[in-house]
Amino acid sequence: MNAQLRAEQVTVSFGAVKALDDVSISVSPGGIHAVIGPNGAGKSTLFNVLSGVYPVTSGTVVFADLDVTKSRPHKLVRAGLARTYQNIVLGHVTVEEAILLGRHHLTRAGFLRCALRTPGARAEAKAARQSVHHLAEMLGLADSLHRIATELPYGDQKRVELARALAAEPEVLLLDEPVAGMNGHEKDEMTELLATIHARGDTTMVLVEHDMRMVLSLATHCTVLDFGRVIADGSPAYVASHPEVLRAYLGSAHAPREVTP
Amino acid sequence: MSHLTSLLLNGLSTGAVYALIALGLVLIYKCSQVVSFTHGTLVLLGAYLVGTMDDASGFIVALLIAVPVAAGFAGSINLTLLSRRAGAPPVSLAILTIGIDLVVLSVLTQQLGSNVLNISHPWGETRWDLGVASMSANRGIALLMVAAVAVSLYLIFTRSPWGLAMRAVSEDTEAAALMGLSRTTITTLSWATAGALACIAGMFMAGPPTPGVTTTVAVVALRAFPALIIGGLDSLRGAIVGGLLIGVAESLAAGYQHELQFMGSGFAEIVPFLLMLGVLVARPSGLFGSREMTRV
Amino acid sequence: MTTIDQTTSRPTQAVIRGVALALIGVAVCVAPLYLDTFWLRTGLTVASAAVGAIGLTILVGTTGQLSFAHPFLMAGAAVTYVTLADNPVNTAHLGLGLPPAAAAVLAIFAAGALGLAASPLASRLSGIYLGIATLSLVFIGQHILENWTAASGGFFGRPVPPMSLFGLSLADSPTPPVLLGVPLQREELLWYLSAAVIVVAWIAGRNVVHSRVGRSLAAVRDSEVLAATNGVNVRSAKRGAYIASSMFAGAAGVLFALTTGSVAPETFNLGLAISFLAMVVVGGLGSVAGACMGAAFIAGLPLLLQEFSDQLPLIVQTGEAGGMQASTATSYLAGALIVLCMLFEPRGLVGLATRGRSLATRALRRTRILTSRATHN
């Protein structure tokens, strides 16, 4: 049974802006839960709250028996939460090192053991490296392992981020716009990849996405945000025909659409 | 009682000078996320400029030349060096300003040698007798100056177009671009303003009751950093409060040094730094600084 | 952090590296037999600076935390060493008469403890705030040393008891050990000690930078949110980096005390903190090799300028007029180099070396291609 991720009546204010207004969301284990909404609806803010990065103004967030609003983010990672970012964050490291970071919480060696390179630390590092190579193989990054991550093409960088999140072997995976900025072909590849990963393991996925086609083909459940509020929640098909949803998208002069960053 | 009053008054007036320096630091930080370690030396530079020119041209003319020159120099530091690395990590930018500081300070050290350069302020050694206490006119004028600067900065920030643009830049680059001002223009203006403030601060700092212009000025000016941190890196109000607080604390510690003998001689000089550590432990972003959005 | 050179194969690289290391090792071992005291002293000064710089580059370069605390930590370790090792009977100051080797180890831990004491700051503040906060440690440290004269010796400092290892005192002696016909006096013996300490510091530093811990520190530098959402406990990572860096500073402090033979509070000032920053920036932030190169440059240069001032234009002896003093000249250069590095080559000397090497290999390849074409024709 997977860890449960749930937010109840969450409000987040930035000064006068209410980025989230009384938002409740419950992610059922094992599914793919899409969060959609126009620009500025509060999707990324919701992810930042779920992953413990933003404090809430009010409301409760629970992940696997942890009170998210009181736990620092690294604790949530240990409990099985991993995420990617809308704006890629990789740092000046090689692809291999970037992905290895994901395995941080699965390895143990501290300052002293690392400085001395004890046999234990070396064995641990080797195992971590192997699983990273394995992941890189699966995501088509094997040839780029020793290149500086930020120098890769955009689509590859997105995949490095995904690989890093997967390296953490999460039970719940938060993906903030995994195909934004990709061309049609890359998008299809990524969609397929996510479907495969989901089918293979029992990773729960929460997905922010503007691409309705992708949402409809992947998601098992869908929550729609607009101006920080949940305006619809249900199956993707139900949501796609919900009048409020159509109005929200038309109101912001976008039908459910494709987005470039 | 009058001992305490005079300590407070002198503390406020010293603090006023720190506040002038810290205000410049805040302006720079707000616009460009740079903490300028060049600033102590800019204070020295200002004092040096006034000190070298005032014999020939008189104090007022010297000041009228020195302030724009210092402003221009500070602005050009930003224009030619820092703006090239706009957006780099704050630590890298701070290190860059340390490098600039080393060069400028070496030049000034070389120029000054071991001489003491005197500034002949028109108010000289005059002391103002305020009934309960007296203070040097030099520091009294500094105090008035800070009040004037605070009011004008407030007006500039809330009324004038470039003040608004400056605020826009510190909050959002795009908004400023819409107003037709480039980021570089704004940051350079903030550096220039800070340079002018540093020059004025240096002019006061190298006057009574302290001796003239020596390289010590650059070291003493470092006490504006505690002022900056106590107030909060990005708060103009904080810089003024922090500066005054530091000045008063230092003055009290010096005034009661006999009672504080057990803390060692020269304790007053480190009081600003102790105060800063205390504030940081209690409030990592200072008294008025904006908090970090994220928690990690 | 890692660059891969595709032009030369890995085994060749390993062989070249092995040979180079062996040559350097031999050179370091025989150098004291041929160098005069001035060069030995310069080497010792550089060595202590290098050990400190390795610690600082982990903190500033790898973790992205600005720190001026190095002189404070060095002073803490130096004074601890002197106090623990000094013979209580012979000294006018505080002394516990511990064996010097034990005193040195304890001194390094004392520096670590000072780092730990400062860690409420280090773990909660980030980057620039930490930098300014540590500024205060320099001033507070100097104040304590100037006033606690029983331990520090006050303004004039106090003499440093010599190190002694396995019954061998690293001091001048009428019956010194002899190697290849050369008597090994204080400087020669300290040279070997320093070399050993640098090797340990270098290996430990490199291991940390290229490990799980090093990766987590780099993540903290790149983005604290990134690090935290990848399972890194950001506060303890920063605390750890600070303590580790403090212990390197401690080792540097002990070496420094042994080398100069006396510790005076005045030495551990803000200028020293800035010199250390200059070393790690000029060498290349985050690089252990760079830290050593930077140390050689920044710590060695003033001594060389001073020594050869009469042969150099512009430079004059301390106290002379009509030119520039060695220390001022070094400040100029250090400042200018920091500016140049930050503007054009953030990887510093190491970056220049890498560039030089890739230029060389490219040139080599081109000549190879040309010669092979020539032979084909």
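The letters A, B and C name the chains in turn, as written, and every chain counts its residues from 1.
The criterion applied here is as follows: a contact is a pair of C-beta atoms (placed from the backbone, for glycine too) under 8 Å apart; a residue touches a chain by one contact, two chains touch by 3 or more.
Quick caveat: nothing in here was measured; it's all calculated off a predicted structure.
Taken as a contact graph, with one node per protein chain and an edge wherever two chains touch, the assembly is complete, since every chain touches every other chain. Once CA atoms are averaged chain by chain and compared with the all-protein CA average, the nearest chain turns out to be C. Comparing the chain pairs A-C and B-C, the larger number of C-beta pairs in contact belongs to B-C.
Centre-to-centre separation between chain A and chain C, using Cα means, comes to 42 Å. Chain B and chain C have Cα centroids lying 33 Å from one another.
Residues of chain A in contact with at least two other chains: 52-53, 72-73.
Each of residues 294, 296 in chain B touches at least two other chains. Counting partners per residue, chain C has 221, 225, 227-228, 234 as the residues that reach two or more other chains.
Of all residues in chain B, those touching chain C in their complex are 35, 81, 84-85, 89-96, 98-107, 109-110, 113, 219, 222, 225-226, 228-229, 233, 264-267, 269-270, 273-274, 276-277, 280-281, 284-285, 292, 294, 296. The touching residues of chain A, counted against chain B in their complex, run 14, 48, 52-55, 72-73. Here chain A touches chain C in the complex through residues 51-53, 72-74, 77-78, 82-83, 85, 89-94, 97, 100-102, 104-105, 107, 109-111, 114-117, 121, 124-125, 128, 146-147, 164, 168, going by the rule given at the top. Taken in their complex, chain B has these residues touching chain A: 293-296.
Residues of chain C touching chain B in their complex: 60, 64-66, 120-121, 124-129, 131-133, 135-136, 139-140, 143-144, 146-148, 221, 224-225, 227-228, 234-235, 270, 274, 277-278, 281, 321, 324, 328-329, 331-332, 334-339, 341-343, 346.
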